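Listed below are the structures to be examined.
Next, two complexes with subunit A in common: one pairs it with subunit B, the other with subunit C.
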Partner chain A sequence: MKYTYYPGCSVKSTANLYQESIDAVVPAMGVELEELDDWNCCGATAYMSVNEMMSFAISARNLAMAEKFHRDVVTPCSACYLVLNKTNRYFNDYPEVRKKLGVALEAGGLSYSGNIRVRHILDVIINDVGLEKITGLASRKLEDLNVAPYYGCQIVRPMYYGFGAGEENEEGFDDPDDPVCMDRLIEATGATCVKYSMKTKCCGSSLIGTEEKQALKLCRGILADAENNGAHCIVTICPLCQMNLDVYQPKVNSLFGTKFDIPVIYFTQLIGLAMGKQPKELGLERLAVKMTRPMKQILQGA
Partner chain B sequence: MLEREVVYESVLDHDFLDEIYSLPGGHEIKKCIQCGTCSGSCPQGAVMDYAPRKIFSLIRAGFRDEVLESNTIWYCSSCYSCAVRCPKEIKITDVMYALKRIAIKEGKAKKGRKASALSKNFVRMVNKYGRNHETELMARYILSAEPFNALNFVPQGWRLFSNGRLPLMPHKIKNIEQLRKILKKIDELEEM
Partner chain C sequence: MSERIGVYVCHCGTNIAGRVDIDEVVEFAKGLDAVTLVREYKFMCSDPGQSLIQKDIEDGLINRVVVASCSPLMHEKTFRNVCTRGGLNEYLFTMANIREQCSWVHVDVERTTDKAKGLIEAAVRRTRLQEPLTKREVPINPRTLVIGGGIAGIQAALDLAEAGKKVVLVEKEPSIGGHMAKFDKTFPTLDCSACILTPKMVSVGQHENIELMSWSEVEDIGGYVGNFNVTVRKKTRYVDADLCNGCGACWEKCPGTRVPRKGNVHEKLSIGPTTSIYIPFMQAVPAIPVIDADTCIRFKNGKCGICAEVCERNAINYDMEDELIEFEVGSIIIATGFQTFDPTPIKRYGYGKLDNVLTAIEFEIMNCASGSTGGNIRMADGSEPKSIGIVHCVGSRDKHYHEYCSRVCCMYALKYSHLIKEKIDAEVYEFYIDLRCFGKGYEEFYDRLLGEDVRFVRGKVAEITEVPIEEAEKGKLVVEVEDTLVGKVRRIPLDMVVLCTGLEAHESLADIAGLCSVSIGKDGFIIEKHPKLGPVATTTDGVFIAGACQSPKDIPDTVAQASAASSAVLSMITREKIEIESATASVDEDKCSGCKICNSLCPYLAIKYDEEKGVSVVNEALCKGCGTCAAGCPSNAISAKHFEDRQIFAEIEGILSA
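The block that comes next holds the complex of A and B.
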C-alpha cells in the first residue's frame, strides 16, 4: 500500500520522535510512505487567524502537487489533517473559494481538481492495515500496561465538515465525542486500554504559548483523569497534544502542586513496543517525561 | 458585563451582521436558536468575556466593538466541540476565526495581543521559508509579545533542546517563489 506522505513541520522538529517511530513500524505493515516533494507548511490554526484565503491557498499548493500521484495523502499530524481537509471542503463547497484558489494556483503553474483524499495515519493503520495485522505483529506481552488513549480535538471533531472524504466516510471515521478506534488499537497491541472521560477534551493547543495558565489547567484535567484511572502512560496521535501533555507536565506540577509522572507517547511508539522494538529505535528517549520504572519493568517482562 | 445597558438602534452596527453573513457559510448564524449547547461544550467558556452563545446574540444585535474587543475570540482554541454539537450546524469555530481576522485587521485585538502576535509571526515564518521553524517562531514571539516574560519559556525550551527536539536551522522549501506567487495572487484577488 503506497501513499503520498505529508509529514508536516512538527515531525521534522519537536515531534521527531513521532517520525522515528513511524519509520520503525510502518514497513512491517506493508505501508509505503512517499514524501511529497517540496511540501509547504499547512498554516495550522495560526495562518487561518490572519488570512483565511491565503491559508487555503498554501494548503492547496500541497494538494495540487499531490494530485499527479493519484494516491491518498497521509499525514501524522492532527492539525495538518484538519487544515488540509478543511481546504478540500471549502474548495468543493464554495464556488467563490474554488475560483480564487484556481486562479492563484495557476499563477504558480499549478492546478487542482478537488479530488485528493487526505487521511490521518491512524485511519490508515486501523482501516487499511487492520487490527488483526497489528495483533499478528505484536510479540511483546503488554497486558499489564495500562494505556490511556488521548484523541484530542482535531482528528475526530471535524467530521461535521464531512471529513475523511469519500462517500463511505462522509461521517468522518469515528464518533466526535466518544471515539473508540484507538481503544481498539490499544487492545490489538495486547495492552490494556484505560477508560476515562477526558479522552477528547481539549489540551489547550496553541493557548500554551499565549494563555498558558488556561492551557495548563486543561492539561491538568486530562492528566488527573488518566492517572485516577490507573494509566501508566497516555497515547496520543498529535504533535501539539504530545508537546502540551509531555513537555509542559513539569509545569503543570509546579503550578498546581500535583505530582504527575505520566509518559505521553505516540500511538506508533506503542505499536513499536508491542512489536518488540527497543525504546531508542522508537524515539522514546526523547520524551520530556521519561518512561517510569513500572513501565520499563512491564516492557522487560519483569 | 455589557457596559451599555440601553442600546439605541442608531448606535448599533448593522453592517457587522452583513459582514458575517458574507463569509462562506456565514449566513448560517441566522439559524442560531440560542440553545447554549456551544457555551456548555466550550472548555474555555468559564474564562471568556462572553461564551459562544452570547457572541452570536451580540453579533445579531449589532454589538460590533463588544464582540471584536472581547477576549472570547482569543481564548477559542479551535477545538470544534461547539461546532460538532450545534443543532443548527453553525460553523462556530470558523466564525471565531473570522472574528479574529477582523479584530486583527482593525487593530481591535487588544485582549488578543499575544495570540495575534503569535499568529502574525507564524505567518511570517511560512511566507519566509514555506515551513514553520518552531525555534525562530518562539524566539520572535517572545521578543514581540512577552519580552519581560522570556525566562518563563526557558525550562520548556531546554526540555526540548536537551532531548534533541529543537532544530536550530530552518528548512526552506525549494520553490518558495511559487508559493509567494500564489500568495501574491490571492492578495490581488482579495483587494478587488
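The block that comes next holds the complex of A and C.
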C-alpha cells in the first residue's frame, strides 16, 4: 500500500518522536509513505482564521502537487488533516473558491481537479491495514497497561459530515461525539483501553501560546479524567495535543497544585511497543513526562 | 372539425409576469400551429378570467383550450369546469405549468421566458391530439376507516359516528388513547389529561356506529375512492374478547413481568400493570388484557398457566392466532400520530449512559399519578432531586436530526417547570433556543412561569457530563451551555436533566402511506393536498389525514384537524356518488400476446387475464390511469387514455422545438 506522505511542520521539528515511531512501525504493516516533494506548510488552523483564501491557496498547492500520483495523501497531524480536507471541500463545493484557487495555482504553474483524498494516518492504519494485522504484529504482553485514547477535537468532528470529494467515505471514519476506532486499536495491541469522558475534549490547542491559563485548564480536565479512570498513559494522534498534555504537564501541576505524572505518547509508539520494539527506537526517551516506573515494569514483563 | 386552440396566459399577479415576458410569450403562441386565439390576463383563475375562456368556447371561436398558469394540482379542476360549462369536453384542455416549474424556480428573465414558451408549445401540440373522454360516477361506501386511536382518531371517529355514519377504528396498541393517555396534565390550562380524554374513549368503546379493532394493524388497502378494500390483522391477545369482562384477576395474579425487576426507578417507569398479561393503563378501552408473549412464563417454558386458572370466564386461550379480517370502506382517515425522538444518537447528552438523564415521555410517565412512581418526581436511586435542568429542542431545530420545530416542546417544558415547582419546589433551569408560545393562553402561561422562580437560560446545551471540574460539580450532572444573553459558557451542576425530545413521524407511517398511496415529505410526515388550503386532504382521493401524521401538533390543533377531516369525509359521503378519473388504460386485444406481465404490474389489481380470449382485460372501475401497464407492456398493446404515446411524444417534441 503506497501513499503520498504529507508530514506537516510539526513532525519535522517539535514532534520528531512521532516521525521516528511512524518510520519504525509502518514498514511491517506493508505501508509505504512517499513524502511529497517540495511540500509547504498548510497554514494550520491559525492562518485559516486570519486569511481564509490565502490559507486555501497554500494548502491547494500541496493537493495540486499530489494529484499527479493518483494516491491518497496521508498526514500524521490532525491540523493538517483538517485544513487540507477543508480546502478540498471548499474547492469542490464553492465554485467561486474553485475559480480563485485555479487562478492562484496557475500562477505557480499548477492545476487541481479536486480529486485527492486526504486521510489521517490513524484512518489508514485502522481501515487499510486493519486491526487483525496489528494484533498479528503484537508480540509484547501489554494487557496490564491501561491506556487512555485521546482523539482531540479535530480528527472526527469537523470533517465528519463529508470529505467533499464525493468519496464513499462521506461520513468520516468515526462518530463525532463518541469515536471508538482508537479504543479498538488499543485493544488490538493487547493493551487495556481506559473508558473516560474527555477523549474528544479540546486540549487548548494553540491557545497555549496566547491564553496559556485557559489552555492549561483544559489540559487539567483531560489529565484528571484519565488519571481518575486509572490510565497509565494517554495515547494521542496529534502533535499539538501531545505537546500540550506532555510538555505543559508540569506547568498544569504547578498552577493547579495537582500531581499528574502521566506519560503522553503517540499511537504509533504504542503500536511499536506492542511489536516489541525498544523505547529508544520509538523516540520514547524524548518525552517530557518520562515513562513511569509501573509503565516500565509492564513493558519489561515484570 | 379542425382543431382551433385557445391559449390563455396568466400573469398570476407578478408571480409569473415578474419573471416571464408575457408579451413575448403571447406573440410566440400566436405563431403556433392550430392556435387561433391567444389571450393574457392578470388572474386567469378569477371569475372574469374564467369567463373569458367560457365565452370564447360558447362563441365557437375555439374547440380546445390551453391555460398557461400554475400547477394542475392548483387549478386543473377550475379550468376543466370552465370547459364543461362552455360545452367543451374537459379532456380537450391542457394546463401548462409556467409558475411552479418555471417562474418560481428560475431567475434569468430571458431563459425563463424561453422555458415558458417550450412548456406552452408542448401543451399546444399535446392538446391537438387529445380526445374527448366521458366522466364516470361511482357510488361511495358510507363506511370510513380511521387508522390510529389517539386523540386524532378518537375525535374523527366520534364526529362521524355522531353523524350516523359507520366507522371502523383500527388501533395497533391494546387500547385506544395514544400518547395523551400517558400524560398527567395538559398545557396551558393544566387540566388533567385523563379526565378530558377518558370520556371520549368510553364513548368510542360504546358507540353503536364505531367498530373498534384494537391490537390490530392494517395489512393491505386496495380499491379507490368510495370503494376501498381493507385487510386488517387482528393480532392475537390470547384472551377471548367476547368472554373477558376485564375483571383484572389475571393481571393481579400474573407472576411474569414486562418491566425489569432489578432496574432503578427510571428503568422501572411504567403506567398500568407491569405483568405479562396486562392492560396498558387502568382506563384502557377496551379493558381486555393482552399477553406479552416475549415475557410470559407460559410461552417461555410452558410452565405457568395461572391467568387461565384464575379466569372465571375461561377467556384465556394460549392457542389463539392472528386473524385477518377483510372489509370495505369508502374513505380513510390516517391518524397514526407521532413517535418521540430517541436521543441516544446525541451522545454528548449521555442519554442511556448517565443516570438521571430522562426523555420527556419518561418524565411525563413519572408525573402521571397512575404511574410507577405515583406521580412523584424521583431520581434513579429513589431520592428527590433538588435541581432539575430541562433541555429544549432535542432532535428538533437541529440539521443533524430534524430541521423542523416540534411545536409542543416549549409548552410542555414550561408545564414541567410548573409541575416541578408545585410538587417538590426544586431549582429548575430551562435551557432554550427560542421560547415559542404561540397558542391561545400560551404566552400567558409563560408569563406565569416567569413569576415562579424558574431560571431561563438562552442557549443550546453543548454537553451533559458527569466529569467534575469544580468541587461543587462532584456527584452531579453538569450541563455545559453557552448563555447567549450573558455571552459566557456556563457549567451548571444539577441532579436530574429532562431532554425535551421532539416529535417525529412514526416509524410505521411510511408503510401506512404506501398502502394508501399518499406521499411522505422529506421531514417524514405525510404531505397534505395543499399546505394552506387543503390541510386534511391528500393527493389520493378519499384519503384524509388528521393530527401529528401530517406535522407535529398539540392537542387543540390535532382535535381541530380531526374534526375537519371527518367533515371532509362527511361531505363526500353525503354526495353518495363521486366522479372518478376517465383516463384509464385499455388493451388492444389484437396486439396482446397474453403474457400477463401487466397483471402483476398493476398496483390497483385492475387487470385480469381472460382465459377464453387469451388476453388481458382492464377493469375500468378499478383502473386509476397510472400508466404502469402501458409502460410495461412488451407488445405495446396497452394504451393509457389521455396519456397515449403519440400525445406524450408530441409534448416532448413541443418542449424541444421551442
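Here, the second predicted complex is superposed on the first by the 296 of 302 C-alpha atoms of A that agree within 3 Å, B and C clash if a C-alpha of one lies under 4 Å from a C-alpha of the other, contacts with A are read in each partner's own complex, and residues count from 1 in each chain.
Just so we're on the same page, contacts are C-beta pairs under 8 Å (C-beta built on N, C-alpha and C of every residue); 3 or more make two chains touch, one makes a residue touch a chain.
As the structure is a prediction and not an experimental result, all values here were calculated from the model.
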Superposed partners subunit B and subunit C on subunit A - clash or fit: clash
Subunit B versus subunit C as contact partner of A:F260, first or second or both or neither: neither
Partner chain(s) touched by A:D177 [first = subunit B, second = subunit C, both, neither]: both
Which superposed partner A:Y151 touches (first subunit B, second subunit C, both, neither): neither
Touching partner for A:Y6 - first (subunit B), second (subunit C), both, neither: neither
Partner chain in contact with A:M198 - subunit B first, subunit C second, else both or neither: second
Partner chain in contact with A:D225 - subunit B first, subunit C second, else both or neither: second
Touched partner set for A:F91, first subunit B, second subunit C, both or neither: neither
Comparing the two partners subunit B and subunit C, which touches a greater set of residues in subunit A: B
Stretch of subunit C, among 295-303, 457-465 or 583-591, that runs into subunit B once the two complexes are superposed: 457-465
Shared subunit A surface residues [contacts with subunit B and with subunit C]: 177
Residues of subunit A that touch subunit C when the two form their complex: 175, 177-178, 196-198, 220-221, 224-225
Complex interface listing, subunit A residues touching subunit B: 9-10, 12-17, 38-41, 43-54, 57-58, 60-61, 90, 93-94, 96-97, 100, 103-110, 153-154, 157-160, 176-177, 201-202, 204-207, 209-212, 214-215, 218, 247-248, 250-251, 285-288
Subunit B - residues contacting subunit A, complex: 24-25, 43-44, 47, 74-75, 77-81, 83-85, 89, 91, 97-98, 100-101, 104, 114-116, 118-120, 122-123, 125-126, 130-135, 138, 141, 145, 152, 155-156, 159-160, 163-167, 171, 173-175, 178-179, 181-187, 189-190
Partner subunit A, residues of subunit C touching it in the complex: 346-348, 465-467, 469
